[in-house]
Amino acid sequence: MKTLLLAAGLFTLAAPLSAQDTTVVTGATIIDGTGREPARDVSIVIAGGNIVSVGSSASIRIPKKARVIPAQGKYVIPGLMDANVHLVYGVSVEFLARYEGRFEELIAEAAQVGLANGLTTVFDSWGPLTPLLAVRDRIAKGEIPGSRLYVAGNIIGLTGPFGRDFNADAEKSVSKGFRNRIDEMWEEGTGPELMWMTPDSLRLAIRRYTARGMDFLKYAVSGHTQMEMLMFSPEQQRVIVEEGHRAGIVVQTHTTSVESLRQAIEAGVDLMQHCSISGRVPIPDATLALLQSRKVWCAVQPVTKVRLDATVAAATSFPRRVFYDELIKVEEANERRMVAAGIPVLLATDAGIMNPDEHDALPEAMKKDENTDHGQAHFLWFKAMAEKGMKPMDAILAATSNIAKAYHKDREIGTLEPGKRADLVILDADPLADIMNVMKISVVMKDGAVVDRAVLPLKRVLTRK
Amino acid sequence: MKTLLLAAGLFTLAAPLSAQDTTVVTGATIIDGTGREPARDVSIVIAGGNIVSVGSSASIRIPKKARVIPAQGKYVIPGLMDANVHLVYGVSVEFLARYEGRFEELIAEAAQVGLANGLTTVFDSWGPLTPLLAVRDRIAKGEIPGSRLYVAGNIIGLTGPFGRDFNADAEKSVSKGFRNRIDEMWEEGTGPELMWMTPDSLRLAIRRYTARGMDFLKYAVSGHTQMEMLMFSPEQQRVIVEEGHRAGIVVQTHTTSVESLRQAIEAGVDLMQHCSISGRVPIPDATLALLQSRKVWCAVQPVTKVRLDATVAAATSFPRRVFYDELIKVEEANERRMVAAGIPVLLATDAGIMNPDEHDALPEAMKKDENTDHGQAHFLWFKAMAEKGMKPMDAILAATSNIAKAYHKDREIGTLEPGKRADLVILDADPLADIMNVMKISVVMKDGAVVDRAVLPLKRVLTRK
Amino acid sequence: MKTLLLAAGLFTLAAPLSAQDTTVVTGATIIDGTGREPARDVSIVIAGGNIVSVGSSASIRIPKKARVIPAQGKYVIPGLMDANVHLVYGVSVEFLARYEGRFEELIAEAAQVGLANGLTTVFDSWGPLTPLLAVRDRIAKGEIPGSRLYVAGNIIGLTGPFGRDFNADAEKSVSKGFRNRIDEMWEEGTGPELMWMTPDSLRLAIRRYTARGMDFLKYAVSGHTQMEMLMFSPEQQRVIVEEGHRAGIVVQTHTTSVESLRQAIEAGVDLMQHCSISGRVPIPDATLALLQSRKVWCAVQPVTKVRLDATVAAATSFPRRVFYDELIKVEEANERRMVAAGIPVLLATDAGIMNPDEHDALPEAMKKDENTDHGQAHFLWFKAMAEKGMKPMDAILAATSNIAKAYHKDREIGTLEPGKRADLVILDADPLADIMNVMKISVVMKDGAVVDRAVLPLKRVLTRK
Amino acid sequence: MKTLLLAAGLFTLAAPLSAQDTTVVTGATIIDGTGREPARDVSIVIAGGNIVSVGSSASIRIPKKARVIPAQGKYVIPGLMDANVHLVYGVSVEFLARYEGRFEELIAEAAQVGLANGLTTVFDSWGPLTPLLAVRDRIAKGEIPGSRLYVAGNIIGLTGPFGRDFNADAEKSVSKGFRNRIDEMWEEGTGPELMWMTPDSLRLAIRRYTARGMDFLKYAVSGHTQMEMLMFSPEQQRVIVEEGHRAGIVVQTHTTSVESLRQAIEAGVDLMQHCSISGRVPIPDATLALLQSRKVWCAVQPVTKVRLDATVAAATSFPRRVFYDELIKVEEANERRMVAAGIPVLLATDAGIMNPDEHDALPEAMKKDENTDHGQAHFLWFKAMAEKGMKPMDAILAATSNIAKAYHKDREIGTLEPGKRADLVILDADPLADIMNVMKISVVMKDGAVVDRAVLPLKRVLTRK
C-alpha cells in the first residue's frame, strides 16, 4: 500500500524526465521523516532536484542512463535541518573589525560547513540581513554550495552586536562610525527604539521592515541580557505578529521567562525559539497545555550532561542576580518534561563558527561539548536529547519534518516523499538503533545533487583544517 | 453662606475644648485647599491638633486663654505636601558606607528640613523600609519634629541601591557582605526576582510584603535604567494592585514609556509617579483620556526652564540610545498638555538631601535649579509649573488636597476645614498673586503646633549651615 | 661572669627605687635578646618602667613590698616587635568612607590587638600621619594601652589610598572631595608629584615634610603597582636620604626589583622593607654582598608554605605581565639564601586589621595563613622562617634587638638588659625548643606594667569577638 | 669661491656618466641645507641618483641628452625629513584587528603620503619591526615609491600596542591570541620584562635584538603612561647605549621628565626624541648646558598656538594627577628657550595616518592643526616653530641636515652637495621669506627621480581622496 501511494505520487510531477537527469538511490532502509516505520530495501528516484518516486527496490525501474547510488545496508533520512543558527557568529570588536566587509564569505563558509555535516537547510534567526539575503540567493541559484538558507535578520527589539544586548562594553572601545555601521547592519530600524512606540507607530515600522525580503520574523518578548524583563506590551506584540502574517511569513520569538513564554503564545506566534528556557521557574503546566492547544512549535536547545556540568561549575563567575546555573537546570527539567509529554520539538542550536582567537581563549570547561559550534552542534543536540529520553525517531522528526512544518516549508522539504526536494543523508549505520549514527554520514544530497563534502568549505576563513 | 457652613462644622467635633489647648489664627486671608475662592479676614480656631472652626474673624469668639496668632495681612494655606520624596537619597558606595547604621538620623534630618520649609506631610516612595517606619512612628508620636511621613519601602521589582537599577558599577568596588546588607534593606524580597515569578507566586510574595506596615505600595511598570523595557506582565501587575488594595493601601507606579503608562492605568492603580514621562513619544490622546476617565492621579516632576536648558546642554555626554534631552523635552510637552487640559496633578519631586561631597562634585550645570534638592525642590516645582501655565490656585491644590485625595488621606489632611489636622502655612504675601510667594513663610504649623523653624534640623548630618 | 655583668648594670641607674614601684619576675629562663645563651633561674627587677637588674634568682634581693611575678618553669623574652605594620589597613572606598574621622579608633584598636599578642613595639610604615602621631603620643603618655608606636606617614613618592598606587579604580566611584581629603591625609605633599622635581626642589619638599614629627622616613625606590619601574633617580634618592638623616631619623625603602634594591643600598639607606622581593630575578650575589658590607638592615615578609601554595594556585587570575606566582617564588628563594648566609633580618609583616566585610569576601585560599592579619601575622612570620631554616634564636633576634638596632632604638628597647624599658613576654614553653612556643603567652609586660590582655582591644571596631 | 668648491666636488665621483642618465635642475635659487646663504641662478646636475655638481647656471654645461628641469624663479631645498614618525599608527583593537596582516600596505601608503608632501626620508621610531624592514627594503630597492625609511622597531622597555603603555584597556576586550601576536610583533623580547633584569642579562637581550637589522635603537628612560616614573637604572641605560653603539647604530630615547632627560644625556645617547617635554618642571639650565656640551641632538614636537589652546581647553577631561595642559605649557616654554638659545633641533612629529573611523570620532578640538597627521604634520611643525621664533633657515636645517647628522646619515643625505643622494624639493616661493612656502611644492625628487606626486599613495587604505 505504501508503494502504491508512492507510485501515485509520481503522477504529480508535470515534466517528463530525461534519463540523464536521473539519480537513483537503491536498496536502502529509508526513514522518510513522516514518522512512519522505516522501510527496507527501498529505492528513491530523483530527477530535476526532486524526489520522483520512493518504493521497494523491486518495484522501481531504473532508467538506463540514470546515475545509481547503491545504498544496500545503508540508511536514508531526509536532509537535516537546524531551526536556529547564526552564520555570522560573534559580537566582539576584534571579530567584527576583522571581518567587516567579508560577512558574505563567513556566511558561505558556515553554510558549507553545515552542508558537509548533513544540514541541507538552516534557519538563521539573528544576523546582518543584507549579506544573509545575498548568500541565501546565491545558494538558491546554485552559484555556490551551501545549506539552503532561510533568514530573519534582526531579533526585533534587540540591538545590534555593539549594543547593550550583546556587547555593552563595546561602546568603550570602539569608534562611533564603526559601531553605527555594524549596529545598523543588524538593526535596520528594528532596534530598541521600537519599544518606545505606540502600537500604531510600531505597525508602520514593522511593515516597512517586512518589505526587506526576509523569510521569517523573530522578535524579543523578553530581554537578551535582562532576561526577566519584557520588551513589548501584549498590544505591541500582536502588531508584530499581525504584520508578519500579513507579509505571509512565519513569526517566532525569543523568550526567557514564564511570563514571556505565555505572552508569546497568546500573541499568536508560530514558533518559539529555546522555549524550554523559562528562567528561574519551571514552565507552568497551564502554559505547557496552552502551547499544545495553540499548536505553537517549540524549538529547544538542550545541552549534554558534560556541558551542563561544565556550565554549572563555571557559573560561580557569573553575577549574583542571574543564577545561570539555576537557569540551565530549570531548562533541563523543562526539556525532560516536554520529552515525557511527547511534545514535538525542533532541533535548534544557536550555532555559528567562532573566531578562532576567541575560541582558543575560552576556558577549557567551555570547550567541552561545544553545543553552539556549527558543524557539530546538531550532533550534540541529538546526544543531549537522547540523554533526556527522546526516542531516535522523534529526534529525526525534530530535525526534519517538524522544522519544515513549523516554518511552513513542508510542501518542499522535510520528508522523503515524491514531490519534495531531494535533500537527503545516507548513513552507514541505523540511526534508530543509536541516534548518534547520524554522524556516520556516507552521502549528503541536496537538490538531487551529491555534495562533495571533502572540498567544503571552499574557502577557509574561520575554520581550520 | 460660607461662614454658615464653617460654623456648622463646629458641631461635628465631639469633645469639649479646654481653652488652654486652643490656638487661634486671626484675621488672615485663607486659601483653604478646597479650591474655593480665598476668604478674607478669617480666623481659624485650633484645638487638640485639629481645626475646630474656620470663619470670619467677626464671627469667631476667641477663648480667653487661647493663644492668638495675629495674621492680619497674611495668607494661610494648608500645610504643603510632596507626593514623592526619598529621604535617604544616594546610591554611591561612599554615601552608603558612611551612613549605614545612621539612616534614621538622615531621615529625621530630611523630615525636619522639609518641615522648616512648609512641608507638613511627605510621601517617601523608595527607601529603606525599616528606618523609614521607625522615623515615621517617632514623628507621629511627637517624639521628634518632622514632616508627617508616609512610606512605601522598595519600588517593587527594582533592585536596592547597589543593584543594576541604581548603581550597576557598585558590584565592582563593594564587598559582598555590605552590598547584600544594603540591597536587602531596600528590597526585602521584592527585587527583580519577582519578575521571574508566575502571577500566583508573585501574589504570595506581595502579600507577605504588605504585612510589613508600609503606607502605600509602589511598583515599577517599566525599568529604571532600561526605561523602555517592561517589568511585569499585565497579569502580574493586576496581582500587585489587588494585593495592595486587599491590604487597604494605595498602589502607585513607576512608568517611563507610553506603553507602561497605559498598562499602569489598565492595571487599576491609584496614582502614577512622574506620569508625564512617556519616553521618546508623547502620551497618546487616548491614554490621556483613559487616565482621566479612570480617575488615576498623576504626579508630575517638572523642571524649570533654567534646569531644562542645563540638562539639554549636558545631555551630549549621555549614551547614544537614551536621548535624555529628547526625553525631557517630551516630558515638558506632556506637562504643558496636562495643564492646558486642566488635568489635576500632584506636586512630586523625587527630592532628598544629597551627600555634600557628591553635591560639590556635580557639574556646575547640574547645580542650577536643583529640582531634587529637598527643602527647595517643592518651591522649584511651583516655579516650573508656573512657567508651563499652571494657575496659582491649581498649584496649591496640587500641593495639598490633591495629594491628600490621591493617597486617601483627605479625611485628615489637605484642606483647612474643621475636623482636619491643623497643618498650615502662613505666608507674608499672596500666593495667588504670585505663586512664588509660597516661599515667604511666616509660620508653619503642624498638628496645631507652631514649628520652631530656626532650630531645624535638630542635628545636621548632611546639611550645612 | 654573666651574673657579674648584670649586677654591674645595677649601678648605672641613677635614682633610688621606691619599693612600691618595684616588680620582680622570678625564677624564669631568660632569653635576653642579645643572642646570648639562655640563662636559667633568673630574676628580673623592674622599677620605673625600666629593667633595673637581671640576675640569678639566688643573687637578687626582692624588695619587701615589690610585686612578684613567679615565673619558675617559664621563659622570658624581650617584648616582640614588628618592623612593618599598617594600622589603618585598607584602601577601598567602602572602608575609608565608613571610617573617615575614626582613624584614631582604628589605630588604637590595632595597637591593642598587637599588644595583647606580645607586640610591645610596632613600626607603622604607611598610613595617615596625623592620627598616627596622635595615637602614638597618647600611648606614649599612658593615656591608652597599646604597642609602643613609631610612625612614618606616607611612602614618599606614592599616592594615598585612592591614587593609582593602591586603588586606581577609586577615581571612578568616589567623589572628588572625599578622594582629595583621604589622599591628602596620607600624602601631605609627598605624593607622585615629587618625581617630577629636580633634586634641589625635592630637597625642600622633604625638608618641609620631616618637620612633621614622624619617627622615620620611607620612600619608594620602585613602584607599588608598576613594580619594575623606578620612582626616583639616584640623585633624588640621595637627597631623600640626606634629608632624613639631617632630621636625625632612620630612612628606609620600598623596593621590588634587583635594580631598585641595589639603588637603595647605594643611596645609603638604613633599612629596606621586604628586601627579599627582587621581582622576577634573584638578588645577584654582588648585591647581597653589598648589602652586608654596607650594613643595611633587611626586613623580610615571608609566607608560609600553606600560603605560598595558595597564592601560586590563585595567581592564574592575575594579569599576564606581572607573574605574581613567579615573584613570590623568587622571594622565597631569596629568603632561603639569606637564612643560609646568616644575614640578620627583621620581622616585618605589612599587617593590619582588615575591614570584616572585605575579609569575608576574600577567596577561601586567601584566608589560609593570613600573613598580614595583625595579631597573628607575627606568629606566621616565625612559622614561615622556621620553614626556611631559620633557627629559633635568630628568629627571636629578628623580632627584638635587630629591629631595635635597625631603627636606632636599641638604647631603650630590644633586649632584657638593665636600663632598657621593661618590655617583655613570659612564655609557658621554650621558644628555642620550638619557635611556635612564642604563641604560648603567659604574661605581656610593657613599660614595666603587666598588660591586661583579656580586655584588649578596649573597643572593638574592626575586630570581632 | 663657492662655485669653485662645488666644481671641485665633481672630481670626487668615480664613474663616468652616461648622458641619458642625467638630469639638470636649472636656474633655481638654492638653499642647500648647509646653512650657507642661498645661491641664486644655480643649476644642479644629477646622475645615478646622486648630485654630481651644483654651480652657477652659467658655469654648468648641460649634457646633450640630459633631462632639464627648468627652475627659474623657484627655490630648491634638500628633501625634507621627519626624525620621528610611526607609519603604523594606532593602538585600538578595532584598528589592529582590521589591519593585522596588512601592515606593509599601511606602511607603504604612509611612506607615499609623506613622499608626496616632500618628505624624502623619515625615521620610524616605534612600530612593528618585521613589516617595517620589509617595506624599508622594498623602497630602497626601488620596488615601490616612498620616503626613504629608517626604522627602530620597539621603544625598548615599553609594551606593544595592547599593553599597559598604549592601550591598557585592550586586555578587557581582546582575545589572548590576538593580543599576544600583536604585542610580540612590536616587542620582540624588548618589552617591560627587561626592566626586571640585571645589567648583565639586559646586555644579552639587547645584543640579541640588535641582530634584527634595525637602523637605530630607541629606549624609554621614563614611562609612556607613567611619565614621571623611570624605566631603567643608569647602569641599565649604559648597557643599552653601549650595545647600540657596538652594533654601529644611533641610540635615542623617550624622555618625559627633568630627571629622565638628564639621565639620558649622561647615559651617552645620540638623540633625544621630544626632548622639550620635561614634565611639570622646566628643563634646568644645567641640563640644557649639559645637552649642549655633550652634543646630544634634540628632536622637538611643538604644537601650534591653535593646537595648544585646543589642548588646554580639552585638558579638563584628563585625570587629576597628570596635568596635561600644564605639561604642554612647560614644553612650549622649553621650546622657546631652545630657540632663543640657538640650540639646533630636529623636526619630529610622531606622525602617522589615523584610522578614519577613529579620526571622525575625535572631539572637534582635536581636529585643529592635527600635528600628528602624517602628510601635514611636518608643515605644522614649521608653523609652530615659527610661532616660537625660529628663523626659516634654522627650520630648514632642522628638517634636513640636522636630522642627517643626528642619525649619522650626513654622508649620504641632508644637503644639496655633490656626492649626496639627489633628494630635493623645488618650491614655487621663497621659504626664507616665509617658511610656510615649504608647502608650495613644485617638484619632489628622490634619488634623482622626479616623484609622480599625483598618483601617491598608489593604494588608499587609510587615506581618503
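The chains carry the letters A, B, C and D, assigned in the order they are written, with residues numbered from 1 in each.
FYI, contacts are C-beta pairs under 8 Å (C-beta built on N, C-alpha and C of every residue); 3 or more make two chains touch, one makes a residue touch a chain.
Since this is a predicted model, take the numbers as computed values, not measurements.
Engineer: Counting C-beta pairs in contact, which chain pair has more, A-D or A-B?
Structural biologist: Per the contact counts, A-B leads.
Engineer: Sort the other chains by how far their Cα centres are from that of subunit A and give me the top one.
Structural biologist: Centre of mass proxy via C-alpha means gives C as farthest from subunit A.
Engineer: Where the centres are mean C-alpha positions, what is the separation of subunit A from subunit C, in Å?
Structural biologist: 67
Engineer: Please work out the Cα centroid separation of subunit A and subunit D, and write it as a whole number of Å.
Structural biologist: 57
Engineer: So the centre of each chain is just the mean of its C-alpha atoms; given that, what is the distance between subunit A and subunit B in Å?
Structural biologist: Computed from C-alpha means, the inter-chain centre distance equals 53 Å.
Engineer: In subunit C, what residues contact two or more other chains?
Structural biologist: 176
Engineer: Inside the complex, what are the residues of subunit C that reach subunit D?
Structural biologist: Per the stated touch rule, the residues are 159, 163-164, 171, 176, 192-193, 195-198, 201, 223, 226, 228-236, 257-259, 262-263, 279-281, 284, 319-321.
Engineer: Using the touch definition up top, name the residues of subunit D that touch subunit A in the complex.
Structural biologist: 92-95, 97-98, 100, 169-170, 172-178, 355-358, 360-361
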